[in-house]
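Dumping the structure here so I can ask a few things about it.
In this document, chain identifiers A, B and C correspond to the written order of the chains, with residue numbering beginning at 1 in each.
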Amino acid sequence: MDALFDFLRTYSTTIAVIGVSALLALSVWVTLYAGQLTLGNAAFMAVGAYVAALLGRHLDAPFPLALLIGAFAAALLALPLGAIVFRLRGVYLAIATLAFGEIVRVILLATPITGKGQGLNGIPPTTELWHIYLSLLIVAYVLWRVQGSTIGRAWAAIREDEIASASQGIAVGQHKLAAFVIGALIAGWAGGLSAHVTFSIDPSDFGFTKAVQVLVFAVVGGVPNVLGPILGAGLLTALPEVLRPLRDYRDIFQGAILLLVIIYLPRGLVTFVDVRRTRRLSRIGAVDVA
Amino acid sequence: MLLETVGLTKRFGGVTAVDRVDLRIVAGEALGLIGPNGAGKTTLINLISGVVGADGGTIRLSGADVTGLPAHRLAALGIARTFQGVRVFKGLTVHDNVLIGRHTRMRSDVLARLLPRPRDMADPDRARSLSLIERVGLGRRRSDVLAGELPYGDQRRLEIARALASEPRLLILDEPAAGMNPTESAGLRALIESLRAEGLTILLIEHDVRLVMDTCQRVAVLNFGRKIADGTPAEIQRDPAVREAYLGTEAVA
Amino acid sequence: MAEQLYNAVFIGSIYALFALGFALVFSVLDILNLAHPTVFMLGAFVALFAIGTLGLPWFVALAIAVLVTGLFGIVLDRVAFAPLRRRGAPALSSMISSLAVSLIVVRLVELRYGGDFITFPAGAVPAFVLRVGDATLEGIRLAIVVLSVALMVGLTYVLRRTQLGRDLRALAENPRAARLLGVDVDRAIAATFFVSSALGGLAGVLLAFAYNTLDSRMGVPLELRAFTVMVVGGMGSLPGAVIGAYILGFGEVASLVYLPTELRDAFAFGLLFLVLVVRPTGLLGQKSPDRV
């Protein structure tokens, strides 16, 4: 038992980072499941982080409340995305979400209260490991249940064929927006948690690179079910830690895995879990990310 | 009068695909829509089902003006359709395809699913889907098959089951018999007949003119976007304008 | 004021060179090559290697950089895009695979050169100044503008007057028909990637020469601006990309005067987002953003 606690203590930051990464990956998963690619979730994470941290610092808000407000702020900010989500598809949508995310980040960079380029320092490390993993458990459970519900089925239909979906009575735009807003909510929550693990945050933590990284976790892990992003985040974060000497090569590692997965295993590593179904899908040419 | 279009028009760039078409569909009838390739039949039903917006004219459903409503609203109002060349959700199972068809009649069950449920709760939607799958001629055992794995003819049947799942008032079938052999078209004819016997109104686009003449009470003919004839099958067969449109084709004779 | 104008034209030209390569691949193959900013960076570093390690004069280094990046483009296609094309994968998969290659290449460069800013060896890069009125302008920027314009004209010529250009335009219109009509599709695609990456690499070398610095992440700001340029000019339109590039160049220089430095990036993204909401097809766009 002691050995376990020692292990947790030594690697606690890594384990925390894995948990947060898994949450972020799940936030992207929601939109991928509905067939949309979003590159803006890093910005929503930033909103959650800054709002939670500032509420704690200036208004002495209790931790859970600060997190909640941060998450809702992110979700609220995702609503204007509806203006584009209704009309754009594919790469245009990806670019638009990226632009949106970057605008948010740049505004954060320019607002005095956020400390601008220096970011915020001295954030109390209030987050415990169990906060992160309980959140992860709840989010994963809820998403799993939603996947099998009418909304989840609607998302899957939209991913397959938007026009046919609309003809079945599915309000495509609204469902897509819902996926984005839910994703933003989760990302915001994760951001708040993350800010209270690392002592400080600054805008560069939440840029294009971060957005890409989160996407990579979700894609490598896989889209078919909620296990995918969790697996992807865990694997890609833990592996370089475990293989210490490979630290410098982490990005190369991630790049290589991403390349192999997207070409040979487009539905992600989690397809190993249901090999039969994957084989059936590849036979009918329906095996792809989104 | 279930559905009525008045002066319905659609232009694509310089081409007028549908040109001031007046169409009337009476509740409970099967209306056939025929015409040479490129006559505008699919565009017309795209307009009626809300997939594209009209450039002119109106559409009335049971007297209410539904012009300009998007596809999902029209589906909720009772218009269901199949697509030329079949658009089933290939990566999803047969059962899921039909359940999605039922979207407008199902209540969102998200909240219910978040709480653990007793296992033996009967699911009326599931039961209904399975019976529809059987009705169109797919076996109940196939409900877990991926739609993309089905042979083409079965995918066509699945599309019909999916369309029926929403309990529509008007069912639009876009060339359902394309590529079917005589046995299969006979089966299709029987299905359409039994659906009509239950009071469903059907709009049937087909190139198999014999099927249309045998199944439909009335037939409308389009050519170059305009309606050139409208009447009983017998009247259409005698109509000189129709003969001219199908110039040289044996099909109408 | 003259200096601002000069800079605007210069930066617009760099954007245009970069965006042209990007737009070329998109218009012919319908994919966003997210590794394009990486060939931009690669060009600069190949030049650095040629000058610093091999001791070659700058114009040789330039030629080598262009050649190497062009070839890299062909390799990139073989590795990241061709397998997906064979499978008929959606455009998003290509975005992700090119992203993956990007990650690898950037990291490799960083392992060799580190992540900080590097300058060229003293005297290696030609530098001269022009005096216009009472303004002192860096001559190399003018040379770059002239070169860029010449290349744009050259590219237009190739696309309109040569067999290769016709093949590419056929491929862009309808790949299946092009193949049936006898177009050597593989050769055309290889040529597309060569030209596109060579242009990107060239833009990288030129920018590095102009500022006398380079770093492993130099492609990132350009990548994001390339999106703006393409969307404003119209996705898939090459002349649109050029126009969009100059609009962005002028807009950015102007906004620098009025906006605080932190918000400089905001202009590009704000413009991008605005255009996507209001008029996604851009100025000269041909491909509807409603189609995936």
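The rule is simple: a contact is a pair of C-beta atoms (placed from the backbone, for glycine too) under 8 Å apart; a residue touches a chain by one contact, two chains touch by 3 or more.
The shown structure was predicted, so the numbers you read here are calculated from the model rather than taken from an experiment.
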* Taking each chain's centre as the mean of its CA atoms, which one is farthest from the centre of subunit B? -> C
* Asked: Measuring from the mean of all protein Cα atoms shown, which chain centre lies nearest?
  -> A
* Asked: Between subunit B and subunit C, what is the gap in Å from one C-alpha centre to the other?
  -> 49
* Structure fact -> The distance between the C-alpha centres of subunit A and subunit B, rounded to whole Å, is 40
* **Cα-centroid distance, subunit A relative to subunit C, in whole angstrom** => 30
* **Sites on subunit C at which at least two other chains make contact** => none
* At least two other chains touched by the same residue of subunit A: list those residues. => 285
* Where on subunit C does subunit A make contact in their complex? -> 32, 79-80, 83-84, 87-93, 95-97, 99-104, 106-108, 111, 220, 224, 227-228, 231, 235, 260, 262-263, 265-266, 269-270, 272-273, 276-277, 280, 289-292
* **Complex contacts: residues of subunit A adjacent to subunit C** => 37, 83-84, 87-92, 94-96, 98-100, 102-103, 106-107, 109-110, 116-117, 208, 212, 215-216, 219, 248-249, 251-252, 254-256, 258-259, 262-263, 266, 285, 288-290
* To do: Within their complex, state which residues of subunit B touch subunit A.
  => 49-51, 70-72, 75-76, 80-81, 83, 87-92, 96, 99-101, 103-104, 106-110, 113-114, 146, 148-149, 162, 166
* Which residues, counting only subunit A, touch subunit B once they are in their complex? -> 142, 145-146, 148-151, 153-154, 156-157, 160-161, 163-172, 277, 280-281, 283-287
